[in-house]
Every structure is written in C-alpha cells, then in structure tokens.
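Letters are used for the chains, namely A, B, C, D and E, taken in the order the chains are written, and counting of residues starts over at 1 for each.
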Amino acid sequence: STAANSSKKGNTASGNTIKIGVNMELSGAVAGYGEQQKQGIELAVSQINSKGGIKVDGKKYKIKAIYRDNKSTTSGSASVAAQLVNNDKVQAVVGPATTNDSTAAIPNVTKANVASVSPSATDDGYTLDKNGKVQKYVFRSCFDNSYQGQTAAKFVTNTLKGKKVAIIADNSSDYGTGLAKAFKKQFSGAIVSTQYFQEGDKDFNAMLTAIKNKGFDAIYAPGYYSEVGLIVKQARQIGIKTPIIGSDGMADPKLAQIAGNANANDIYYTTPFSTKSADTDTTVKSFMDAFQDKFGTEAPTFSALAYDSVYMVKAAIEKAKSVNSEDIAVAMAKIKNMKGATGTMTVDAKHNPEKPIAIEQMNGGKVEKAITVK
Amino acid sequence: MTHLLQVDHVTQQFGGLKAVSDVSMTVDAGELIALIGPNGAGKTTLFNMLTGVNTPTSGTITFTTAKGTMKVNGKRADQVAAAGMSRTFQNIRLFSDLTVLDNVRIAMTHRTRENFAETMLRLPSFYKKEQAITDEAKALLKDFGLERIGRSIAGELPYGEQRRVEIVRALATKPSLLFLDEPAAGMNPEETAALMALIKKIQADYDVTVILIEHDMALVMNLVQRIYVLDHGSLIAEGTPSEIRNNAEVVASYLGGAPVAEG
Amino acid sequence: MKRNIRANFIWLFIMVFGFVAIDAMEFTGIVNTFMENAFVTVGINIILAMGLNLIIGFTGQFSLGHAGFMAIGAYATGIMLQTMDSPIGFWLSVAVGVVIAIIAAIIIGVPTLRLRGDYLAIATMGASEIIRVVINNLKITNGPAGLFNIPQYATWPVVYVVMCITIIMIANFVHSRAGRAVMSVREDDIAAEAMGINTTKWKLAAFVFGAATAAVGGSLHASYIQTISPSEFGIMNSIAILIIVVLGGAGSLTGTVVAAVVLGIIDTVLQNFGTLRMVIYALALILLMVFKPGGLLGRWELSFKHVGKKGARAE
Amino acid sequence: MLKVSNLNVNYGGIKAVRDVSFEVHTGEIVTLIGANGAGKSTILKTISGIMRPKSGLITYEDKAIQNASAAAIVKAGISQVPEGRHIFAGMTVMENLEMGGFIHKRGTDMSATFDNIFAHFPVLAERKKQDAATLSGGEQQMLAMARALMAKPKLLLLDEPSMGLSPIYIQKIFEIIQTINEQGTTILLIEQNAKQALSIADRGYVLASGEVKMTGTGKELLANEQVKSAYLGG
Amino acid sequence: MHTIMQQLINGLSLGSVYALLALGYTMVYGVIKLINFAHGDVYMLGAFWGYYVIRFWHVNFFIALVSAMVLTAVCGVVIEFLAYRPLRHAPRITALITAIGVSYFLENIMSYFFGASARNFPQVIKVHNYHLGGFSVSNVQVLILVTALVLMVALQLIIKQTKMGKAMRAVAVDPDAAELMGINPNHVISFTFALGSALAGAGGVLIGLYYNSIDPLMGMTPGIKAFVAAVVGGIGSIPGASIGGFLIGILETMVQAIGLSAYKDAAVYIVLIIILLVMPSGIFGKRSKEKV
C-alpha cells in the first residue's frame, strides 16, 4: 500500500480503476476449465464497464481484470497470487479454479488483506483454516461438495426412488471423490460398486462392463463433462439404461455433444445454474444471451460461476462503499440476496454461497426440465 | 607350492560355440607370460573369465596371494579386481571424459576409505586422505613419464598415450597380476619398443606378474618367458618363446611364414 | 590444505553474504512476497535438481522418478504437521520423509538399477507413478483432495539454509572418492568394475542420496506452499526437474544453480504473458537446447581453489 | 583416378592435415605411412566424405567430390574400411555384408561377390548368423573389410586393415589386398605395418604432422634410410 | 464368461490405440534413440485435422484419415528438421528435453488458437453394434482394430523387406558407418519420422471417431502409455510395440474388470517393472550384451 494510506491495510484503488486479479489455470492440466472461467470473467467485466462501472461514494470506477496463468500448479498459483496482490495491487482476486490451486493462494492473499473468490473450489474445507475457523479473505461462488453430493443422494432416494447405486467418480481431484463421499454419507440405499477414473481418461468400457450386471437403479458419476460425457456415451452403447446422475461439472453444453444426443437420455445433474431458469429469471437470461453473443456458444457452468464471482466482488465494493481490499473483504462476507447467473445468493458464515440448487434433467441431449430442490 | 593363478578345465560356451574349451594353466608370481593364438581363438574370452567379467560355463579359477586364496568364478569383476587382478581392454576403455589423474585415482577407490562424516564436513582427515591419494596417483604417473598429461582429458589423447594411461590405471589398483589385451595394437614399431620397456619396468619395479595377449611377435618373443597358445578355444601349446617358434602346429595355425625376430 | 581452507571460506562467505543480502532486501521491502515466492521456488528447485543431477549427471543413471520421492517428503511433512504443529515437528517430519524416501529408493533401486538408459528411466517413472497412485488412494493422505492448511515452517531463511547445506553436501560428495567412483560408473561401468568399483553399490548410493534430497525438497515445498495434492507429483513434475538439470548441464552443479535461477526468472517474467506463457516457455526451451546442446555450463564448475595462489594447479 | 590437391582439414582449431597433395592412378596400390596422429585417417575420412575439408580439391574420375555426400561418394565407387571397424553391432554377419552391398539395386546378383569374400574370409562364412558385436577383434576387422568389398568399389580406402590380426592373417590380408588389386580395384592403404605396406605398394607417401614429407615408389621408400629409421623399426 | 469375452474386446480396442502410437515411438526410438515426447501431440494434431476437415469441409472419413496421415507426416519431418536434427551429435538427453519442449509447444499453441477444452468429433461413421452371442462389438472398434493390424503388418514388411528398412537398422546402429555404405542418414531419419507420425495421425483420427472427444492435451497420457507399451514390447521392435500395446490395453481393462479401477495405472507400471526385471530389454528387445 502507498504511503498516503499506509494506516489502512490492503490495497486501495488509485485513479478511477478498480483492479481485479485473475489467478487462473490458463495452461496445464485443467486449462480447459480455466479458459471457460476466463470467458465468464471477461463478459462480466465488459458488462459492468459498459454500464458505467462501479459507483463508490459518487465516484465511478472502471474495472480492469489482470489475467495471470498459474499453469494449473499450486506453486504457480501461490506465485500468481503474490504478484497480483503485491505488484499489481489488485483490490480483489478471482480464481483459481481447482481447490488445490486455490488453497495454495490463500496465504498470500491473506497476508495482503485481499479477498479472493474461487468460482469452483468445491472442497468443504476450502474456506476454513485448520482449526475450522473461517478464512477471512477466502470466498467461493460454487457449492461445496457436501451440499451437492447430499442433494444428489436425496434426489436419488426421494425422486428417482433408487435403492441401489453404482458410483463412478473422478479420482484426480477433490471434486469427484469429495462428491462421492458426501453422496455415500447421505444415501440410505446400497452402493453396489465404486469405481474411479482419471482426468483425461477416454475409455470407460471396461469399468462399465464390469458393473453392468450389478443390478443398480442409477449411476452417480461426479466429474466433469469431458469424462462424464464419454461415460454416458459408452454406458448407453453397451446397454446400461439406468439414470445417470452427476454434478455441476457436467452442466455444460458439451456434455450432450460428447455423449451424442441419442445417448444423452435420463441424465440428471445438480447445478446452481440452470439454463432452464433463463425462461423465468431475467438475470440468467441476460447472461445467457450476452454469452451467446460474445462467444458464440451456450454458456457453460464454469463461465457462469466465474461471472458471478466478479459480480460478488462488485456487490462487495458497493456494499463496502470503499475501494480498499480489506473493506471489500469485510463486505463480501455480508453479501445478501445477490442476483447472479447461478441463482440468488447469500454468503453464509462459512463464506459459502447459499443459493438454490437445481437438478436438470436431460433427454435426447436437451435439458427438459429443471427441478428446484430445497 | 601354490600357484598365483591356477586355471582348471575352464570352458566358456556361447550358445553352440565353445569359445574356450577345457583350458588349464598356471601362473606363478613374477612371471611374464603371453597368450597367443589366431583371431577368434578365445584369448579375450579367457581373459574375461579370469577377471570376472564373464563367468565360466565350467571349470575353476583360483587366485592365491599373500592375502589369501580366492575362487574367481562366481565373483564379480570388482571383487576380482580388489583381490589383486587388474586388466586393460582390447578396445581401450578409459573414463574418457575425465582427466588422466582422475582415471588413476578412480582405480584406487577400492583400497582407500573416506567416511561419510569426514567427506561431508571436510575434516582435516579428509584432506589428508585426498592428498595421499593424489600424491600416489601423481607419483605413479610421473614414474611412467605421464605427469604432464595428468590434467588432460583422457579421451582426447593420442592413441598410444591412451594405451599407456590404461596400463598405468590398471597398475593403480595395486594388482599382483596384470592382464594386458593387445597392448601394442595400432602402434608403430617405435612405439612398440617403448611399450616393451614399459612392461619390463612394471615387472621389475612394481612386483607384478603380467599376462598379455599380443599378435606382435617381435614383442612377444623378445619379452616374455612363457607362452600359451590357444586355438579354437583349446590350448595347443605351451612353452618358451623358442619352443613355440619352432612348434609346427603353432606355425601352421598362427605364425605362418611371418618373419619373427629372434630372441 | 591452505588452499582448500581458503576456498571453503570463500564459499562460506558467499553463502552468508547471500543470506544477508536477501535479508536486507526483505527488511527494506525491496523484496515483496512475490519475489520471495520466486526465490523460494528457485531454492527448492535447486535442492531437487541437485539430487537429480547427482543421479543423472554424475552417475549417468537416467531416473525419471524424482517426483515420487518428492511426494514422500511432502506428505511426511503434510501429515505430521497436522498433529505436531511445531518447528520440532517440522524437522522431525523432514527426517521421517528422508528415511522413508531412502527406504523407498533402496526398494526401487536394487532391482531397477540393473536396467540401462531409457529402460531405467521408464522403470523409475513407473515406480514414481505407483507412489503417486498409492498416495492418491490412501486415507491418511486425504486422497486426491490432498492436504492444505499445512503450517508454514519452511520460510525463506529455512529454505535458503537447507539449500546451502544440500549444495555443500552434494558438492562434497562429488568432489571426493565417492564422486569419482560414481563418475567412473557413468563413463564406463565395465571398466569401473574392472578397477575394483562395485558399480551396483555406487549407483545405489547416488540414487538414495538423490532421493533423500528430493524428499527434503518435497518437505520444504509442502510447508512453504502449505498445500499439496498427488497431482503435483506426476511425471510432468519429474520432467520439470530434469529440465533444470539438463539445461544447466548434466554433470555441473554450478549449472544446476544457474539453470534453476534462469528458469525461475523466465517463469516469473512469463507470468505477465497470460495465455501465451507456456507457448513462449516451450520455444525458449527448444531454442536454449538447440543453441546450447551441452547445457548452459556443460560440465564447468565454479571453483575458488586457484584464488590467491599464483600458478597453483588444483585438482 | 583420385587426385588430392592442397588439402587442409581441421578439428576445431587443430590443423590435422595441411596442404596435402597426392594422387592415385587406376590400378595402383598407394600407401600413406606416418606416425600416430600424422593425419592419415583424417585424409581418408575427408576423401570418403565423412569430414569436410577446410580447403583444397579432391577429384575422382575428373569430378570434384570434396563437397559430395558420403553416400554419393560410395555410389560413385569409393568404399572405405574405417579405422576402428565400425561394424553394425546387433546385426548378424550376413546382415552386415548385405549392408555393404546397399548401393546395389534390388535383385542384383551378389553370389559371385559373396563367394569371393567367403573364399578370402572363411571364418565369416562360418559365422554368418552370429551377432557381429560378439565377434573377436580380428574377426570384426575381417568383417569390416569384407563389408567394404560388397560395394564392389573401384577405389578401396583401407585404414589399418591389419590391426588386431594374427601374424598369419596379416600375411593373408596383404595377399588379399594384392588379389583384390589384381582383380581391378585400386587401393589406397594406411598401415602401421609400414614395411609390408610399402612392399606391396606401387607408390607411397610419407606423412608427418599433417604434411607430405616424402614420396616415391614402394621400393624406393623401403630402401630410404630416413624411412627405415623412423617407420620401419630400425 | 461373456463378460470376460466382452472385456477382452474392450482391452483389444484400447490396446490397438496404444499399439498404433507405440509403433511410432518404437520406430523413432529405434533409429535415433530419442524418446519422442512430442509423438502423442502429433497424434493430437491428427485428431484436430480430422475434426476440422470433416466438420468444415465435410470430407468423408477415408479422406480425413489419409489427409491427416499426410499432414502429420509432414509435421513429423518438420519437427525433426527444426528441433532434433541440429542435435544429432548432442547428448541424447538434450534431444529429449527438446522433444519435451516441442510437446509443450504443440499443446499450448493448439490451446491458444483453438481453445483448451474438449470438443466432440463429428460422427461420420454411424456406430453399429454387432451382437455376437452375448457380447457386442461396434463397427468402429472393428475398424480401429483392423486398421491397427494392417498398419502393423505393413510396417513390418517395410522394415524387413525394403532397403529403407535395412537402412533404418543400419542408421540406428552406427550412422557414420551407414553413410559409408551409401546411406544418407538424414533421409532415413526423415522417412522414419514421416512414417511414425503418419501412424500417429491415423491414430488421432480413429480415436477421435471412436471416443468422440478431442482436446489439445489428449496426447499426453496415451503418449506415455504408448511409450511404456513400446518399452514393454522391446523398444525398436515392431511386433514388440504391437504386443506391448495390446498387453497394456488388456491389462488396464482387466484391472478395471476386477474392480480396481483406482489402481489401473499403478498395475500397468507394476507389470512394466516386473517385465523389465525379467527381460531387461522388453519382450522382443534384443539384448546384445556388450562384448568386452
């Protein structure tokens, strides 16, 4: 911080720009997800600026996003975080995408008193320190694993009336395994088999053949669209017809493309962001349209979550009436009923967004309906 | 009396080929012996067995020094070398990226000790030991007139010098028995003469028994005391140079009409 | 003797000077967290690459399994600090990591070091992947989610001092009877055996030593970054360390330090290039190797043995 | 047939060959003698295109070849038995020989050549299927020579063909060289065994430190006092 | 029983992918002793080429396959010329690092221009499942298997029967001596890269079709697995690469079949290590012990 306001902690915007640092996986193993998030951020930033920016104490600020690549590594993330908060002097950080990269950034943003919002760090413990106390500067715009996994379990029991489930989970990050764990904890029926796959796997025939005759009513497949799409495809091709339930990592238009429309039947996934709700929700609709305009494709969940992360920063600034990062962090914890593309959210005591969760049902490659779950 | 080296009925089989078949021989301390024979007779193969590079298919090799008796077959080459047998190779095998001095010092590894603590902490005892190793290596090089190339990279030396360094390196292991595989190959008559002087010197000054393989009859006949002749894997003759020179079988299979310098 | 002591003092002076210089810069705020991060990353990379250079550059054994040993150290620290949150706990965890890594290195090394060249590389890579998969599926390691909120005991002074100790130890190893023995294995193992060197033993010694330093590097990484997960210890991470070794010059410790610094600078600067970062990095890597095929320094080493002594010929 | 004029070859900064000129006429045996490191092998490597000269001209059958690729030079009819044998390890003796005949079109009848070679080197016939790497030193030397003959060269470059051979075989190798020569192959020979080389050579050149010091017919050089004392062992 | 048969088919399909890639590795390695890390990325290039020509030029599958092979062959030759040829006489590990650099470059430049996320490959061939007594095979699986087998046989013929094949072996052993036989090593090496890369390109299109999902990093994991396959089979050996590929495919499948999916990679590596300990040069690798 500069000498002028050295009494104050954190970074304060100078001139009439508010800087938002983006600590993102733009290369490396999960660059695909980082790229989608970057698009959401770009959209949010350009929208906000074209509407005149953010007004604080009567002064209008434009926002500027500074994108830095953490190479999908923890040390890259720690370094990028440090550069953003110390050298670029940003007022808030958005990102990184994965839990591990996000936790690696915590010490450095904390030291600099800058809030960071991860669009997709889903591990339950992400916002907490090791004593279970909430981390003051750490936020997210996505659900934690427990909430989503438990919701899926409830849905299988209550709505699908499933008694036996086979789980196929992504084993390369906390996401798949965390969801699977939460699901198992909540689910009252039997788990007939739990299988794991790795990010980038393409062949699931062996696994599916192995579980095919285990007599399950549904498959729970927490993971990302790139692999789950293939699971759906290959499952249907070898004749597994049971419902396949997944998580928000599946909520991507590419899911049906990869699975093939003909195969994408009886698919359900938990998601904060329902393309269906565009019919009723103007915020969602405007996001969807703007995204389609700007990038020529339907908006994926990752983009929506990142988009909302930027809006969380905006909301916090407006609430704090300050362009100081410390103030922004304090205000962010108090966000209430912020309308976002992924629903109307309130930041709870653990810095998790409380927002309604939806379950989308896909048939023939199309989302048929969205079921809101409490 | 026990022999320095006793070879009993050793055989080396490669698939269907008996490269060495049922060879027995003895070597006594202080001797200078040549092993000759046509190309492919099994000379190098025999050397390989004697020095632990290959294990014989059958037969026994016993090596006896003041330190004790050792059954060579079944031992690794480094154990054999540590026991006191050292060698050079038909195709020079120097540590070619290292200096000549290091080549020699490496050969002293097995008979020197530096413990972990003194190495890591650079205790005075470490420097003392290093100095001793270096001094000994330098002295050895000096003795063979190689001290000026101590810091040269071994692989960059002319062929003849590489051969000499290889011999000196073998000597640095403090062998009681030294094997030289074609030390004069690729040398001109002048260099060969110098090599002979060198071998004599080793024998005299270092108390080493020498066995060498050589096709240069001028060298063999003038230098050695005893000759073993191998052909098709078997020993066909054994004797003094003059006996061998006049052995009809050896002449027919090996020497031919080649002019052989008189002893 | 005097010459050696003088050289040692120069080294000591440089190391102390480096420490004081960094400390002063930290104190005056010239170095902020970002630069400190870069320093520490370079420091840890030096520790890791030193060990690998010993194995690859000096002993000539192509190991691609460094990340596995690093993981062992990292997880030892990550797990132990959960219950032993104290400096003693940290150092204890480093020691435990080293011991486990040594045991693992012996188990892996004894059978595989018989293999040659690329076959060894693949086998060690496989062994390292096995370690990673096991960690990925264990409960105590928290599976793929990894561990976070690891207390930070590996501050920059700790990393700096450990780095210096590692450099000294590896340099001392290399410049001794042991170093000559492993180099002879690299040059010609058949000739080495014929000179009385137990090649298996020396290969293993270097491999184990390298593994131990990898574990130390892993421990420091875990405690500095405070987050670890199995995905950080994959093949690509072994390769990242290999790149440092080769770029600096396999067989040059000075080169390793230089390469780690150069790559650290490149990496830090490229952080400003967003999406193009890795494209530029890749091109830089190709160009550096094409124009400096022996590595930046080849096998050259910085030495102070000649300092202050005219005409002295050191060895 | 072959004319080398003012050849200079360097290894980095080291001048290995300086201003060397000599020629080989069709049907001759010409030998280059000289101490270790005189530059003999370097000259051969330059002729066969493995090394590039710094300056100078090499003409073969009236064509300049100093910039031709090694492959093109072999096709033009020059074969080399390299120093240090360079046999193809891991390939059998027979495969090595087939590689020697690589430049011939598929389907060329090589049986006469094979017969000729196996007549000269009966050991190789016995060892057709053996991995060439496991041959003894002398056997490898024979293989290297046989392999070069497979190309049916017009000009054969021999770099120390007698190295590592037994006395009886050294005799034989010189006989073989003479036979090959009589059968129409021109020969450029390098030998440590200068006495024998000169005795079968039509002409010889004496090299020292990269320069031609003397030239003459084989007989003249054999009789020369200087040559005698320096290269023939007194 | 049916399940086992079905799994075997699964394993063979997966294995044929690895085998196709392993062939390219083994050829390049066999000739210049370089682990061509970028090989998996050349396969990715093939897949992307197939994707674009089918999607935007609407060519049929066969043309896509052949044109991808041509394109990747050219890429392979260019990569060799620019990145590896200058290092012909450098230590091999240097060339390995360059290969890694090339791999990074291809992955990231493709991400930069075409985006890093997965996309679906146009399904030009409609999938049919043939049900044969309880287990099923798809036409695409058959296509892949047959293509792989045909290419393997063709390759084996090239190596064993043509002069180029012989020249490849000679260059592999001793490029200098090969030159003295009238062989131009540069041509041979270019040819090797062209052939190996073409196979990878074919593999890319086939895999795109089979799994219907391609992305710039798709070459990484199969690349490494394929290299492992080549090593298991005995590097440099064509039948070895094929057998190694199938072996690993079947192994992975079987490990998953018994429910140990989380350990499938570990199992592959354990088997790899065991095979190498028993046969230090792989299954078909020649162990030419150095003669002293």
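One rule holds in what follows: a contact is a pair of C-beta atoms (placed from the backbone, for glycine too) under 8 Å apart; a residue touches a chain by one contact, two chains touch by 3 or more.
Quick caveat: nothing in here was measured; it's all calculated off a predicted structure.
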If a chain touches chain A and chain E alike, it appears here: C
Contact-graph distance - origin chain C, target chain D: 2
Pair joined by the larger number of C-beta contacts - B-E, D-E: D-E
Distance-maximising chain from chain C - centres being C-alpha averages: D
For chain A paired with chain C, centre-to-centre distance based on mean C-alpha positions, whole Å: 36
Separation of chain B from chain D, taking each centre as the mean of its C-alpha atoms, in whole Å: 31
Separation of mean Cα positions, chain C and chain B [Å, integer]: 41
Shared-contact residues (touching 2 or more other chains) in chain E: 108, 111, 262, 265, 290, 292
Chain D: positions in contact with at least two other chains: 134-135
Overlap residues in chain B, where contacts from two or more other chains coincide: 44, 53, 89-90, 93
Touching chain combinations (by label order): A-C, A-E, B-C, B-D, B-E, C-E, D-E
Touching residues on chain C, where the partner in the complex is chain E: 56, 62, 111-112, 114-116, 118-119, 121-123, 125-127, 129-130, 133-134, 136-137, 190, 235, 239, 242-243, 246-247, 250, 275-276, 278-279, 281-283, 285-286, 289-290, 293-295
Complex contacts: residues of chain E adjacent to chain D: 163, 166-167, 169-170, 173-174, 176-184, 286, 288-291
Interface residues, chain E side, partner chain B - complex: 292
Chain B - residues contacting chain C, complex: 51-53, 76-79, 81-82, 86-87, 89, 93-99, 101-102, 105-107, 109-114, 119-120, 122, 124, 126-127, 129-131, 133-134, 150-151, 169-170, 172-173
Parts of chain B lying in touch with chain E, wherever the complex brings them together: 44, 48, 53, 89-90, 93
